[in-house]
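Next up: some structures, all given as structure tokens.
In what comes next, chain A is part of two complexes: it sits with chain B in the first one and with chain C in the second one.
So, the complex of A and B:
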């Protein structure tokens, strides 16, 4: 592990710039570069203590809002719609996963847009490090940071009384669903990041995507209620997030194993969206090349 | 009103001239405020898509609570003194909370924006007083938020929200909205001062938006909160604003009803006690930034 240890910013820069690398250590260098980018981001983040405090406040207030809203919810109606009678568990699993996905996706293009606007993006892509390596590094950090929010929300919810499974096997299965959901959405994030190189102000699109995920994913209300409006119901099925959240809730709230039909059908639906992940790198490279040809890498 | 209008094809440059040129010093202050608001409006108009998405996201939020209302037991709403209609309850909370936060945060957001792009010093060094410029900015945000509020309520009505609309409730609502804005204005002024002082977004406004969402009873009646937490709720002007507005629009109460009148009186106390204090703080921070030459640092 010693070789993964980084001591200073200059070492990070040296790692991103280094050109002469033997073939055998290429993979090793790739991992070190990813860690270097995460380290750099952590250093930046730790200098924003106020932001950390506000994020913590955000988690606590979110959980408390749904704790009190749960008092108003009719548990029988919720159970009739295919969940347990615990609205707190229902809502915090929804907001934890939706925010996790949204933060991770948004982060990739936010970072890229920021580097472009402060004029450092061109310098980054002219280093020996491939654009996709840089994006993966940024994303890994984004996922690590969002994970704190995700687990923080679930733990805070559990502490105030949300009935979530404590079975380690089911928790592991739940995390596998989260991982699969993340991989699918990671692809969407990379595509949007690619688009932001050329089309710049992509924030609006990200914003819409977050809102749509929250509404059609049934983050705060049971999807069964959409049955009254078939168009909305079918639209909801077109979002990979809907399937990921449904499977995650069945495991974490109802305690269904991954082999239960209600879970594995959702996993199959989620897998159908997996090609997005592979397609995303092609889209990223396409937009990058296009921006390079037009000389718009540093314009914002 | 004719003189306040700029014809469609006129350039933003003309508006800038009004606030920057010495010979325009004699121009009516109200006209300047209007033109500053118009300048902001023209800038915003360039981001039409953003405006549409901003509106769409609130509509989606209203739709979400429309669906949540199907699984709500309204007994607690009745205990709190409202009707049994949770959707109308949540709609009033979401729409008016958005109104307050977007109009109040506008000032700090504009300041930060000008600071970040290095234009704040140029704007504040024009012969036009910063009070006039900020009043113009605020005017735009209030107009924008009002249009937003009316549209949100219209969408709510289409979805089945039930409002008591009479001449008396309309007058009461207008008075309550004015009191709500003035009593929440200190938060906006304070966060603008924070932006000048700490060169950061506006953490105070951001945190207070979330605190308002939780404590002021946007989604649930505040009597559900434990007594100790309820004390924090009672320290927020939005709690009284939302209570009075809900009683007016859901039940048809007016300013002659004791509860609504009490809420309005408390809002007046907030305005008289806190508004001058925060204005003083802002002035102090602004003068300090001018003296130390840090206005344009970001």
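So, the complex of A and C:
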């Protein structure tokens, strides 16, 4: 590590006189800031060793729970509803994707609340960095970190016998579906982060959202079961997660390609939710401005 | 552009519940010259932090306008942010990432400020070394003292070399040596680099030493703007007499009791002993009559000095707030 030997006041003054205007392009600055946010978050997270261990334990315990649960589930019933007879693969894909999405969304809001409560949020927004850049950086980190949980769950499930495709092309297609699902939910995460600036504690809302995607997304049961309850069935279609998970399962469990009607119709449905992503930045800006009016950017 | 900061009828009202409201700023108009070291003085809840937060674009005013470096805080907040370095000392060093080292905090904020890595690295080490923090650079901030955290926050405000520094109580919690060093440093960058510094503090001595001009704010209103000398002269009705007496055969308490006998003395302001000399500052009604009366009372004692003096900034401040 370089350590410049400048000690006197005049040398510090000279140094400040030396460079004033940054000639870096906006795109490079944006990328540098995103990397700085991800790196900072990673360093903070790495300082919580116990947290890392508990996350790993969480993956293992979850997979084991559904491994034993799968023994109890009647495989013919599952197959009748349009899936393979492997409930372990069914539940593992559901849990992996729903937790991935929820963790990523919750992380942005939690981080926002944390920054506000420790007082760093004000310091961030007085810098040259736009709030949207900071939120995108935090979201990237959230999705990158949560993806470890996501892949960990899928791999652990596969290792204990979940019948998931190993075809690299299908896996790539499955990941594309995940990416699209992430982008749509990215918008929801940003909106919730915006709300957390003003309303601070939005834990209940996040919890309700987690329960809703778990129920309406068909995380642990096939959505076909809801056919008897049309209202619930149509409500389920209002959640982008439902379509993302359906497409992901069709690829990973049944081995359908992306060109299969059962998959691409779900992709179109997901795309219909894409405006949420763009809308989210308007919502974020609205809450931020409102918080600036009310003096709510800090809560000492 | 002559002025670095201008506010015009700035007003901010906080709503508490449905009916109650607090007028934190009430038609505040100030003009701070470029390169000026400007102090904002006021009791707790006077509106100092609200004003600095509006100027730092953290808060939106309800009425009035404000310009920082020529940019309107409402319409050009991004340009205002590029122009300022903001530090809130009131938080006592809370506004840092405690699970990161001091240098990681600074590198992170340098990236947010858009300072190139090379320049940031040079500046960070220079500042750390200057403020005696270089040896602790890699320690986690959670293990820092309050003073060390405050220094990191000050460096953070300076990293991008802003034209204007908005420092809200930057020396709170610092030890004497660090306070002196920071004061000297701030004075130098204000003088040498023509930086404008808006500075709030409760430390009257510090404000008097550093600031070219001071604004006294109370209950959201600016009560006075001027140099420290002008403020002292402003309180014409505040007459102070200072007495110095050799301590031979008399205790300080006896001397104070004697002085209090004078009908012209309204208040003993302070007293202390230096070597074998007692010093007493008193507030009086008529300084001329008071001086001759006190001299008469102390006749036979060894009076070193008895004279009319200007009030200290603190005395003037209390008087102004009282009126």
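Some notes on this structure:
Definition applied: the second predicted complex is superposed on the first by the 275 of 300 C-alpha atoms of A that agree within 3 Å, B and C clash if a C-alpha of one lies under 4 Å from a C-alpha of the other, contacts with A are read in each partner's own complex, and residues count from 1 in each chain.
Here is the rule we use: a residue touches a chain if its C-beta (ideal position, glycine included) is under 8 Å from a C-beta of that chain, and two chains touch if they have at least 3 such contacts.
Computed from a prediction, not measured in an experiment: that's the story for all the values here.
Residue contacts after overlaying the shared chain place A:79 against neither chain B nor chain C.
In the superposed model, A:36 lies in contact with chain C only, and not with chain B. Applying the stated contact rule after C-alpha superposition, one finds that A:144 touches neither chain B nor chain C. When the shared chain is aligned, no partner comes close enough to touch A:238: not chain B, not chain C.
By the touch criterion stated above, A:65 is placed in contact with chain B alone, chain C being left untouched.
Set against each other, chain B and chain C touch different numbers of residues in chain A, with C touching more.
Legend: residue contacts after superposition of the two complexes on their common chain; A:169 is shown touching neither chain B nor chain C. The residues of chain A shared by its contacts with chain B and with chain C come to none at all. Taken together, the chain A residues at the contact with chain B in this complex read 50-51, 54, 57-58, 61, 64-65, 68-69, 71-74, 77-78, 81, 87, 204, 207-208, 211-212, 214-215, 219-222, 225-226. Residues of chain C that touch chain A in their complex: 14-15, 50, 53, 56-60, 78, 81-82, 84, 86, 88, 91, 94-100, 104, 107-109, 111-116, 119, 121-123, 125-127, 129-130, 134, 140, 153, 156, 158, 160-161, 184-185, 188-189, 192-193.
Listing the residues of chain B that touch chain A in their complex gives 49-50, 53, 56-57, 60-61, 63-64, 67-68, 70-74, 76-77, 86, 200, 203, 206-207, 210-211, 213-214, 219-220, 224-225.
Interface residues of chain A facing chain C in the complex, by the touch rule stated above, are 2-9, 11-13, 15-20, 22, 24, 29, 32-33, 35-37, 39-40, 43-44, 47-48, 118-120, 122-130, 134, 289, 292-295, 297-298, 300.
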